[in-house]
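Per-chain residue numbering starts at 1, and chain names A, B and C are given in the order in which the chains are listed.
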Amino acid sequence: MRKEFRRWKSRVMVALLVVATVLAVAPLVLILGTLIVKGAGSIDLGFFTRLPVPAGESGGGVAHAIVGTLLIVGAGCLIGLPIGIGAGIFAAEWPGSIVAKTTRFIADVLNGTPSIVVGVFAWTWIVARQKHFSGLAGSAALAVIMIPMVMRTTEEMVKLVPHSLREAALALGYSRWRTSLGIVVRTCLPGIVTGSLLAVARVAGETAPLLFTALGSQYMSRDLQQPMAALPLVVFTYASGPYDDWHRLAWATALVLIIVVFVLSLAARIATRRRFDAPR
Amino acid sequence: MLLAEEVRPRIATAGMTAYYGPVPGVKNVSLAFAPNQVHALIGPSGCGKSTFLRSLNRLHEETPGARVTGLVSLDGEDVYGSRVDLRRLRRRVGMVFQKPTPFPTMSIYDNVAAGLRLDGRVPRAVLNHAVERALTVAALWAEVKDRLHTSATALSGGQQQRLCIARTIAPEPEVILLDEPTASLDPQGTQRIEELLFNLKERFTIIIVTHNMQQAARVSDTTSFFYLGELIETGVTRQIFTAPKETRTEAYITGRFG
Amino acid sequence: MTVPTAPSASTPAAALQGAAAGDRIFRALLTLAALAIPVLLGFLVYELVQGSELAIQRYGFRFLTTSTWDPVTDEFGALPLIFGTLLSSFLALLIAVPLSLGVAIFITEFAPSAIRRPIAFIVELLAAIPSVVYGLWGIFVLIPFLRTTVFTFLKGTFGFLPFFQGPVYGQSMLAAGIILAIMVMPYIMSVTREVLAVVPASQREAAMALGATRWEAAWTAVVPYARSGIVGAVILGLGRALGETMAVTMLIGNRHEIAASLFAPGYTMAAAIANEFSEASTDMHLAALSYVALVLFGVTVIVNALARVLIWRVSKGRQSGGAGL
């Protein structure tokens, strides 16, 4: 009797687990579905090549935001990747040093810092001093978000390289820096690329740190010293606006944004799948 | 003693102690290695023979907390001198490891050329010649000459180890250190490496660490027995294996411990 | 035994000597890169403190306990923001924890191996969706849906409770909590999955050997073993929820009020900064927002540190895990 009850209860619990899993998977399907249904229809050549039209008129595209996102994220990578990768290599090469331990801990702290706080930081750091909004301030904010992420993944990847390879290079007369870059880093490069791609995918969709740095713009701007549009900012502005045509563009832009982010994430996964062949 | 009384040693130690943190792994070892011979270092695992070997090209100090005291000299020059350039030292004292360590991102050709390229630009023809020569000496040329530019990781374990030997001899070092080079190979691969050693000693001074006493007896001219971090006995291989002076050496080679 | 000649004046050439300047430059450059991170954090804290100095001087800790937020009279108190941040995150965890725990247990203990990876992959893809896209979807899909179904149901059935009273606007504390739940679920799920995977198979087998069903083995043997790691995962999710900005800004209604009803609009620290920072006209307003950012930063640092310690304890136990039996 009691055994029957236990068996029955177990079955119910497992069924609930299945329900939980379905509920957890549902949002992704729903979100992607809505994005495609509402966004795909508005994506045509003009969407990519044209600038926004005055509010109330229909048509127009987001060329300015595509250029803006490319420039802001690109500049963010130029600042963030070398520092993040360099710090990661340092932490893996001199793991016991005080600098490495401190940096590792602080990178974890920064990793958990809300991106809006980083935005405030970039504002007081750059915008308040220069007394104007700029794409570059946005890049700096994105770089601050990327650096700790890239550092930690780089460190993990470098640590995966067998110690024997490093010794073999040193024993052959390689200097330390050549061993590090030419053998160790070269061997785990796919992993470092993966980490960098994931970081880029993450910051490409960031809105909060750009709100009061890059600010957004209705015009095409290629000058990082000026306010600049970006795809996530467009989604935010158009979603909060009153016009149907804005909403239409918001959906289309969100679809493009999510495709960019997913493609980057998938590329990252593929890069690690071709893991370097560790020597047997 | 045979070596230093007859010829000036190529590489030698005097009162050398190698520490891991506060713990000495090798204690107060004085040994001299004559040129163009194969010298075997034997002893049970953990006896310090590998640590001793790694102290000769200063690889020991790459381990965190490790350091070496006493003297090591290469052609009479202090290896641990304050201004010694490790790159130059290791160019002259090559090393082959227990597990094959081909550089996974490089082709077979580039692996062999890796050491040569450290000196800057080398003319292609010179490089080609050196690579072919090194691979020939390492008895690998015939097997790989048609796929020099394919990945080195596709080779078998024995081939990879011979590739590492080719990579080590390509820059023409004076001394080659081998740290149990056949430990991860099958008997056939082991035999090929042993045959190789015999030819290599014409041009190089060879020091080989092995836990295989038969191997030491087959390939070496001199043998040194290490136990618990100390050098117990050194001498001509035949004498060590037939008439050891120390009882501990005798116990080890007759298989009573280790 | 001959003692080798020490290097002396008679040594013909110092053939081994040379300098390795490249190594020193390499190490210096990498050290600079590594030091950039602590410097950046120090600079961040410094700038936040500098930026909020006006508000800190005027309000001190009273800032955290007063409720007036009026840019016109230049009077600021962050209690509604703190309340809203904590409540929305709490709601998010209330929904997300059982779900992500369920998914993690299902994946590690019950799911056929063929669908384990796809499910994990799909849930983790949720983490890659930008916050602003959640916001967009929340405004145009989730809120209309909630208003017509879930909210009316709650109001009709549990309307006697203060949490489910008052007008239903759509943009509300509850809507923000639900979107946050979807957003933090992947984080909690993936860390929980990792700590469950570390539990030795012997735990489960021992329970099954005693006659436990598979569910009982999972719930009574496997989950308790990973408990502190799961708590760490939940706290990590909390850290995410506290700082989440865009989706919350778009769904919570943005009103500086403390309301008992979950249908009423509210505000969070992050949302207030996002909405008001670029429009703040007075120095005190800016300083107050900066102060909010500083508080938010402090809270997330503490929460994340706590989560790390808990997760680290489980993964440290991995080496001695078998001995625990």
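The rule is short, and it goes like this: contacts are C-beta pairs under 8 Å (C-beta built on N, C-alpha and C of every residue); 3 or more make two chains touch, one makes a residue touch a chain.
Treat the numbers as computed from the prediction; the structure is a model and nothing was measured.
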B-C or A-C, whichever has more C-beta pairs in contact: A-C
Chain closest to the assembly centre - both centres taken as Cα means: A
Geometric centre distance via CA averages, chain B-chain A, whole Å: 48
Chain centre separation in whole Å, for chain C relative to chain B (CA means): 53
Chain A and chain C, separation of their C-alpha mean positions in angstrom: 16
Sites on chain C at which at least two other chains make contact: 20
Chain B: positions in contact with at least two other chains: 86-88
Multi-partner residues of chain A (at least 2 other chains): 175, 178
Touching residues on chain B, where the partner in the complex is chain C: 1, 3-5, 9, 12-14, 30-32, 71, 73-79, 81, 83-89, 92
In the complex, chain B residues that touch chain A: 57, 59, 62, 64, 86-88, 90-91, 94-95, 97, 99-105, 114-115, 118, 151, 153, 157, 160, 164, 167-168, 171, 177
Residues of chain A touching chain B in the complex: 96, 162, 164-175, 178, 183, 186-187, 189, 276-280
Residue ranges of chain C touching chain B (in the complex, touch as defined): 1-7, 11, 14-20
Contacting residues of chain C [partner chain A, same complex]: 20, 22-23, 25-27, 29-38, 40-41, 43-44, 47-48, 50-51, 98-103, 105-107, 110-111, 119, 122-123, 125-126, 128-137, 139-141, 182, 185, 189, 213-216, 219, 239, 242-246, 250, 270, 273-274, 277-278, 289-290, 293, 296-297, 300-301, 303-305, 308
